[in-house]
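Next come two complexes, and both contain chain A; in the first it sits with chain B, in the second with chain C.
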Partner chain A sequence: MQFASLLFLFVFLPVTLIVYYLSPKRIKNVTLVLASLVFYAWGQPQALVLMGVSLVFNYLTGMEIALLRGNGRYGGAKAVAGLAVAANLFLLALYKYAGFAADNLSALLGLPIQVTQLPLPLGLSFFTFTVLSYLLDILWGKAPAERNFLCFAAYVTMFPKLSSGPIVRYADIAPQLRERNHSIAGFGNGLNQFLVGLAKKVLLADNLGVVFGTIQGLSSMSAATAWLGCLCYSLQLYFDFSGYSDMAIGLARMLGFRIDKNFDYPYLSASVSEFWRRWHISLGLWFRTYVYIPMGGNRCSVPRQLLNLTVVWLLTGIWHGASWNFLVWGLWHGCFVILEKFAFKPFFEKIPRVFRHIYLLLAVMLGWVFFFSPSLGGAVEYLGLMFHSSGVWLDGMFLYQLSSNLPLLLAAVIGCGPWLRKLHQRLAYVHGGAAMTVSVIAYMLTLIACVAYLVSNTYSAFLYAQF
Partner chain B sequence: MSWRSWKLPLIEISKWALLLALLLFLAGQMGQGKQSATSFEDMSAALTANLDQTQMQPADNQMLRRLYGLDPSSYEGILLYYPTTNMGAEELLLVKLADPAQAQTVEAAIQARLRAQKTSFDGYGIEQMALLEDCVIELRGGYVLFLVHPQADALRQVFLDTL
Partner chain C sequence: MDRKTPVKAPKQVKYRFRGLHNLALSAAFLLVILLAAVLNLIAKDRVFSESENRNLAQKPAVSMASVLDGSWGADYEDYLADQFVFRDRWMSLKLRLDQMMGRKESGGVYLCEDHYLIETPGNSSTGEGAALWRSLDAINSFAAAHPELNCDVMIVPNAISVLADKLPENAPGGDQPAQMELISRTLSAQLDFLNVTDTLCQHASEGMFYRTDHHWTTLAAKYAFDAVAEQLGITNPAREYDVYTVSDTFEGTLAAKSGSHAVTDIVQVYEPVGTNVSYYVNYPDTHTKSGSVYVSSALEGKDHYAVFFGGNHGILEIITTAGNGRNLLVFKDSYANCFVPLLIPYYESITMIDPRYYYGSAETVLQTAQISDVLFLYNLNTFLGDTALGDVLGAK
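Entry: the complex of A and B
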């Protein structure tokens, strides 16, 4: 089920909220788990078996690790955790990477290796990282094992974050699983954030996707058109995923949970390292906490640091999808992070921020070409088009697409920064009065526009749901 | 022995039982999810050869995006026939997935299209509603098939035989 769908907005969400708020406090988690399982099973009921078995297995493993640690058998706890991590990663690999591995092994060995590719269950990558965080936090003593199965199930399956994150660390949310504050103000804030996310997805991302789709479908294009296509995709991906994250965080808030932000205006960054502290923050934190730091982080020799960073960025790339494109995309970002850390640092401080910002935008936009292209060859071809391989700098298509989509592009560029939010906060919350009324009307109009758009348009999945 | 001393062995036994159940489930899923060796061209040819196209027309990529929101370049193959008039409901969508992970996106797009069509014809298009109610959605062997057609059952059989 998608957040940006009429079924979710007008059936699932209202019913869930009504039942949730009518439920007594002690069974709120039951309501949340049941709603989350319905959300998860929608269109893919067989995945419930996988979810159920995985939930019980990881719950029991958490208990076992805690018991072994309590008995002073840290070696045993480590072995149990290692086995469970391997089992969870095996499942992820089987569903997500088996086909990719088989294709490459076939090509390498010259043998016809075939595997049955299984349909990827909703949010498996996010789900796996969530349970790994739980098990490793217990092993390292950062959080106690959850004794209440319902609390554990609510943490793992919570529908706002189930399909595409944010990846919430167990230690961060554990207290809220037992005691959380339900208030009208909190609900209202959550609803506001949800509406902002919905507008980002439906009004901006989907329309930018149409422009990008038209450009990508062209058999030939000028360099300017290729750059425009890349710009549209860069903006589409940002509004699609940050829109989803806003909706997820807003929904969680409506249910009484507080989840940290997942995006912090990443396109305003002035380096790739800064970009990754502001883009998909929860994934970056996950890799830092559970891969980079345990490998030694930056408290080791330079060659070791280089190895650690390379591993992290290779994993970041392959986490996004089983293809060489994502691997190259991960390494592309990794190279910039390494260069910034070991080579660019002395120069960076002397360069005006505006130039560093242009550098960041170029690095990220060129990286997205690997992200959206169906193959490495396709990516190289598109990059060629961006650098004049067609022999045409400017064509009529560029002028047509730019002029007909200028308001959309301007709105998207403005939406990449905090200016609208700050203006709204200043007007509505500082001045209040009539400005607050205008704000409420603006939110209602946004909802109406989104619904009208959803009714008249076709289905459009979240880009990150496939990861 | 006390309950405490039984706790760890019980957890161990339960976990191994769960792992066994999971392996059985995965084996079952793998049995069902075998990829078809039939090429997209052969499958398209088999279906269109048996398709009464008097009420339908082939769609280009733009129409595919408009009606289903799917990006044709992301799939190994995609074929859409859609109604020639707004009063028609006949439709055929055949998708060969490039990656099984795409199955959910395609199925969701089909469900959304189906809902939109039902909303359009609800209340006045009795024949169209009947066709939509009897539609066929099949996900097998790396293919997704969506059929709204009076011959839907026969075409489904052609699809299954060709896999």
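Entry: the complex of A and C
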């Protein structure tokens, strides 16, 4: 199920909220798990089997690791954890990478290997990383194993973050699984963030997606049009994913959970390293905590550091999807991070921020070309178009698309920064009165606008749901 | 979370209305959502949407199999969207928001000056693809195989090229003149290519196309007839017509596609003055005969353009009292429906074949109806993507 859908807004959410808040405190987790399973199974009920098996397996394994660790048998705990991690990664590989691996193997060896790629269960990449963080936190003594199966199931399946994160560390959320504060203020704050996320997704991202789709479908285009397409995609992806994260965090808050922010205005960054501290924060943290630091992080020789960084960025790339494009995209970002760390350092800070910012935007936008192109060849072709391979700088298409979408693009660019939010807070929260009333009405009008698009639009899936 | 508390504490004081704001927001949100949810439960499901001109999804039946394979869940979402309370109003709101954002098209339709709705090229033409070459080959082979017949081809340009100056600024307008040129060059010399582009462009301001529909108007067909009558071998065409307005509430397919319902169109019928030729129409598909090419019951339905012959038929024949030995066969799409009535006084019989709905043989018709003239009459958009004509003419 998608958040930005009529089904979610007008059926699932009201029913879930009513039942959840009517449930006595002791059984709120039961309500949450049941609601999450309905959310998960909608449209793909077969995946429930996988979910059930995985839940039981990881629950028991977590207790086993804790038991062995408690008995001083760290080696045994490590072995069990290693096997469990391998099993979880195997499942992810089976559903996500089998087709890709088979294609490349058959091309490489000349063997006719063919694999029917299974349909990817909702949020499997996020689900797997969540479970891995649980197992490794127990192994490393960061958190105790969860003895209550319901609490564990609630942690893993919790519908706000189930399909596309944020990837919440078990240690961060464990106390809230038993005891959390349900207040009107918390609900209201959560709702606020949810509505902002909904508007980002439905009004900005989906409409930018329409422009991008039109441009990507052109058989030839001027350089200006190609750049406009790339800009639209860059903005679309940001509002799609950060909107989704806002909805997830807001919904969690409405249910009494606090989850850390997943985006911190990444397009305002001034270096690629900074970008990755502000874009999909929970994924970056995950790789840092569970891959980079265990490999030695930056407390080792320079060649080893280079290896560590390369591995992390290759994994980041391939996590986003089973294709060479994502690998190249991961490496692209990895290269900039490495350059910034080892080569640019002496002079980078001396460059005026505006130039560093331009550099960051170029690096990220050119990177997205690999992200959105269907193949490596397609990416190279599109990059060529951006750099004038068509021989035309400007065409009517560019002017038409620009004039058809100027207010949208302006709104999107402004939405990349905290300015509107700050202005809104200053107006609506400080003085109350008329400004507050206007703000509430504006939120409702935004909601109504979102519903108008949801009723009219053909179904447009969340971009990150494919990862 | 703890580390944030010291930072947040002073903020809460500063933003002292935040709590109240969010309380009001929560109340308003729950009110809106629950109200809509309840209205959706109460509202009666509709079968057909007049404004979208399509059947709406109905509540899917629950079965073990459909729930387990997930199709019930997906169908239920479609059902929810199609039967959402006030659906039509939501759609107009969406269109209005789109236009406020600067959008100049909706659902593959340009929203043009003077409330003209015009199909975008991306949506309507498939370009010069394999289908076009196959059709042209088939027409050429047909003409070569029948040198005794008078063969004419009339491809009518669409609004996008005739009304190009009404399109939004810089909007991609396709390349109909070049496509027209390509077709006329490819057709063999045995065929007369009747190009009415200039005629329609000259009269563009008089209403050559419906504002809300992709068809040309009867007036456009009349101007086209005036222009090509001589090439068709009609020596004494009618100059005067009685004009009857049969509908002023026509909302065509483009209104449905775009969701723009700002205007309605007028449908007119032209009757030549001063001919004494009478006729009847034979519809083999429904085994009916009719004394008129106009079907007034169509005006009670949605598509008022169907007043001409009641829409498209695989094959139909018009038998007249002209008695001049000329028997015409028309291979056509719906553009012919308002044009052919103007030809009635000048042929002994007119057979119309719409290849999209006709599965018989063209050769048999040539024999039985003693055809002397053949006209291929299409609009350019349909012709570019059509595969049925080649099939009926027996192309490979």
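The working rule: the second predicted complex is superposed on the first by the 467 of 467 C-alpha atoms of A that agree within 3 Å, B and C clash if a C-alpha of one lies under 4 Å from a C-alpha of the other, contacts with A are read in each partner's own complex, and residues count from 1 in each chain.
By our rule, a contact is a pair of C-beta atoms (placed from the backbone, for glycine too) under 8 Å apart; a residue touches a chain by one contact, two chains touch by 3 or more.
What you see is a predicted model; the values in this text were computed from it and never measured.
Chemist: Fit or clash for chain B plus chain C once both are placed on chain A?
Modeler: clash
Chemist: For A:174, using the defined touch cut-off, is the partner it touches chain B, chain C, both, or neither? Pick first, second, both or neither.
Modeler: neither
Chemist: Which partner, once the models are overlaid, touches more of chain A's residues, chain C or chain B?
Modeler: C
Chemist: Does the superposition put A:64 against chain B (first), chain C (second), both, or neither?
Modeler: Only chain B is touched by A:64; chain C is not.
Chemist: Using the superposition on chain A described above, determine whether A:306 touches chain B (first), chain C (second), both, or neither.
Modeler: neither
Chemist: Output check: A:5 vs chain B and chain C. Expected answer is one of first, second, both, neither. What do you get?
Modeler: both
Chemist: Looking at A:101 after the superposition, I want to know if it touches chain B, chain C, both of them or none. Which is it: first, second, both, neither?
Modeler: Once the two structures are laid over each other on A, A:101 reaches no partner at all.
Chemist: A:120 in the overlay: touching chain B, chain C, both, or neither? Say first, second, both or neither.
Modeler: first
Chemist: Mind working out whether A:366 is in touch with chain B, chain C, both or neither, as first, second, both or neither?
Modeler: After superposing on A, A:366 lies clear of both chain B and chain C.
Chemist: Could you say whether A:452 touches chain B, chain C, both of them, or neither, answering first, second, both or neither?
Modeler: A:452 sits against chain C, while chain B stays out of touch.
Chemist: If we overlay the two complexes on their shared chain A, which of chain B and chain C does A:45 touch? Say first, second, both or neither.
Modeler: The answer is second: A:45 touches chain C but not chain B.
Chemist: Where does chain C run into chain B after the fit on chain A, at 42-50, 186-194, 258-266 or 366-374?
Modeler: 42-50
Chemist: So which bits of chain A does chain B touch that chain C touches too?
Modeler: Chain A residues touching both partners: 5-7, 43-44, 46, 214, 217, 457, 459.
Chemist: Considering only the defined contacts, which chain C positions touch chain A in the complex?
Modeler: 1, 14-26, 28-30, 32-34, 36-37, 40, 67-70, 73-74, 76-77, 80-81, 84, 87, 90-91, 93-95, 97, 100-105, 122, 168-172, 259
Chemist: Which bits of chain B are touching chain A when the two form their complex?
Modeler: For this pair, the touching residues of chain B are 7-8, 11-12, 14-15, 18-19, 21-22, 25-26, 29-31, 33-35, 61-62, 65-69, 71-74, 98-105, 107-109, 111-113, 115-116, 139, 142.
Chemist: Would you mind writing out the residues of chain A in touch with chain B in their complex?
Modeler: Those in contact with chain B are residues 2, 5-7, 43-44, 46, 49-50, 53-54, 56-57, 60-61, 63-64, 67-68, 87, 91, 94-96, 99, 114, 116-120, 122, 210, 213-214, 216-217, 322, 374, 457-461, 465-466.
Chemist: Spell out the residues on chain A that touch chain C in their complex, using ranges where they run on.
Modeler: Residues in contact with chain C: 5-7, 9-11, 13-14, 42-46, 184-185, 187-189, 191-192, 195, 207, 214, 217, 258, 396-397, 399-400, 403-408, 425, 428-432, 436-437, 439-440, 443-444, 447-449, 451-457, 459.
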